[in-house]
Amino acid sequence: MRRALFAGTFNPFTIGHADIVKRGLEIFDEVVIAIGENQDKPSADISERVEAIRTIYKDDARVRVAVYHSLTVDFAREIDACALLRGVRSMTDFEYERQLADANRALSGIETVALFTRPELSHVSSSLVRDLKKHGADVFAFVAH
Amino acid sequence: MRRALFAGTFNPFTIGHADIVKRGLEIFDEVVIAIGENQDKPSADISERVEAIRTIYKDDARVRVAVYHSLTVDFAREIDACALLRGVRSMTDFEYERQLADANRALSGIETVALFTRPELSHVSSSLVRDLKKHGADVFAFVAH
Amino acid sequence: MRRALFAGTFNPFTIGHADIVKRGLEIFDEVVIAIGENQDKPSADISERVEAIRTIYKDDARVRVAVYHSLTVDFAREIDACALLRGVRSMTDFEYERQLADANRALSGIETVALFTRPELSHVSSSLVRDLKKHGADVFAFVAH
Amino acid sequence: MRRALFAGTFNPFTIGHADIVKRGLEIFDEVVIAIGENQDKPSADISERVEAIRTIYKDDARVRVAVYHSLTVDFAREIDACALLRGVRSMTDFEYERQLADANRALSGIETVALFTRPELSHVSSSLVRDLKKHGADVFAFVAH
Amino acid sequence: MRRALFAGTFNPFTIGHADIVKRGLEIFDEVVIAIGENQDKPSADISERVEAIRTIYKDDARVRVAVYHSLTVDFAREIDACALLRGVRSMTDFEYERQLADANRALSGIETVALFTRPELSHVSSSLVRDLKKHGADVFAFVAH
Amino acid sequence: MRRALFAGTFNPFTIGHADIVKRGLEIFDEVVIAIGENQDKPSADISERVEAIRTIYKDDARVRVAVYHSLTVDFAREIDACALLRGVRSMTDFEYERQLADANRALSGIETVALFTRPELSHVSSSLVRDLKKHGADVFAFVAH
């Protein structure tokens, strides 16, 4: 049984994130979606975010949703994940993800599996959704349901 | 008559911005320079910035200067612009601009026209000018007049 | 009247190329699609390629198709184009296009207008189509008609 | 049982390739290393290359070595692979791999899994090894054994 | 005698920074490591940082450590440095460093010498170290001693 | 005395190359410009190229011009150079140069010093000059004299 950890802030969980989970399940037996909570600035709506994601996957036993407060690599070991799952949207993402993957490998030996975001979703990001919302735009089409 | 929207914060309006406007006028009949104002944190000096830019173009009827508070694509539709005009200074800019252009096309169908910044101006940015100013350096050569 | 030159080898003319022409016509009044012929190694099928493109645009008076043997900037001047139209698919393309645009501006002062390829078409290239063909794959969906 | 296809020319099979196979086996149950043979220019030494790779993995039942003549995606389907395994050494690689992955997904729906090359191996490539050999340098340390 | 200025915040001074200094000394006769202090938000621990770096180089007369409050190019002139020494870890770094180097050359004519970070150190950054520390991880291996 | 090796094909030696030599002399005491000759396909005009470069620097004792047939790092050791001098024009260049620098450091421990090409020269390359020449354009302004 191979389990992958898909960690992020998911604020909100977009159709891009959902696509990575779906495609991750073609490679791994189980995907754990986990929100890292910064204990210095706890987020009021974190349980809301968790609930929204749980609702999406309530009928899929291969997906679990969790919150964690430690280093990502420590949480991965705790849940016995064999790899970190990441979506790469752009070359700037690529560099960042690569340095993160190198650091995580150096810290704990864990592997990182990168999936290229589908091109038609590469402009969809949580920060775009938040920005649109602030201006009163309809974001239903960008958020996963 | 084809009108382009050149939106930004222009804090300040540099010789790089002025070059994009000049070159945009070889392609479009009219360019509207517009400063997006964030209503959550209104900027004290926004009318100063508008006045500075208006002074530069006071003799060119093809250029207008405006302030807007909506999504950029909504303002573009309001002023009947057929395209967003953007300057691309670097590959990092390119990625950002591409995602923005994809998002704007998805939201409203509007086209984005990218002009490559002249190489000899590619290091000129508003943030460079602000940084130099903070240290008391002379920034006259970088700001449009 | 503003005319743009869209130059390339178009071997073959893909749905990505057709998309750039369509979007270019929202900015320019006329687009001239032109195939540069290398006189050292003339291509047997160049008139076929020209005919295939002409067929696509036979009902659109805003599009013309031509062959040229000079420098691209010289041909642009000859047909009185105000800009070169280019599609940019990736960051590697971006760098190449930028250097080309800088060189062309240095040579003749002509402007280059870059449109970002739609993300869902960014993997479509003439070389991909040729490669698929060589292996007997069906390329109908990638070639413009 | 999840099988991945690791396709390439492997001329020669470097320590960078071997590292991708080793790490791929932490994610997949089986990895098929396959050399695509171009039927237009058949390569005299292809069976030598296959033998060299088979020798490396002769004691590992999870790795098989093959030659194929079709499109990579067709061969993947033939051997019932759920994903293409790729190593990404650099941002230029990333762009190329992304377009290839998009094209392969469009052609057959297959997934591509990218692993970032370990940084200390990112300068190792088959072309570097061939170049060093041509100049009489010792390449033992770069070739997998 | 050729002196280089290696300016940064060095919060903390990592093994990556130390590697650039060591390699810089193969090219320059002297390297001045200097921390730029932002007078608007003075940093309580700046003298601690300076002391930590001085301790590392206490036996190497070719390295000096300083604090400065002016523009980097002005400080370079003040200490009679012929070049700014920089480490480039990634393509995103490269773009930033290039614009900075162009700006600094435009301001004062000074040269910038970029050394590519050793690949096995390219994931080591001050912000990684700070992030690990915040989560209680052991960072001894990443900090220079 | 610090000597740098500036190796290339220099076909032709452009104003961009000349700028790197000039700036390299602000860092190194001596620069050796060297053309690597591929013994498999010897180039008829290599002595012409050497003569053209020698003429440019005939009055500067700090610059020497040579031809070599070995690995670049072996030639560097032979002439007692402490570093390889390189110009980096773009991010694509950067990646290539970085892999080359890593390979050369792994092979012989030699350092590589990268200077960012001046932006106003970043479109000037030997291949551009050759391409312009083929079309009968005047290339005087791009070639070093």
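Which chain is which? They are A, B, C, D, E and F, in the order written, and residues in each are numbered from 1.
In the analysis below, a residue touches a chain if its C-beta (ideal position, glycine included) is under 8 Å from a C-beta of that chain, and two chains touch if they have at least 3 such contacts.
Being a predicted model, the structure only gives us computed values, none of them experimental.
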Can you tell me which pair among A-B, A-C or E-F shares over half of its residue-numbered contact pairs with A-E? A-B
Decide which interface, A-B or B-F, involves more C-beta pairs in contact, and give its chain pair. A-B
So what's the Cα centroid distance for chain B and chain C, whole Å? 29
How far is the middle of chain C from the middle of chain E, if each middle is the mean of its Cα atoms, in Å? 46
CA centroids of chain D and chain E: separation to the nearest Å works out as 39
Distance from chain F to chain C - Cα centre to Cα centre, in angstrom: 34
Which positions in chain B touch two or more other chains at once? 91-92, 95, 98, 102, 119, 122-123
Could you please specify the touching residues of chain E with respect to chain D in the complex? 91, 119-120, 122-123
Touching chain C in the complex, chain F uses residues 89-92, 122-125, 128, 132, 134-135, 137
Chain F-touching residues of chain C, taken from the complex the two chains share: 40, 70-71, 74, 91-92, 95-96, 98-100, 102-103, 106-107
In the complex, chain C touches chain B at residues 2, 23, 26-28, 82-83, 88, 91, 94-95, 97-98, 101-102, 105, 111-116, 118-119
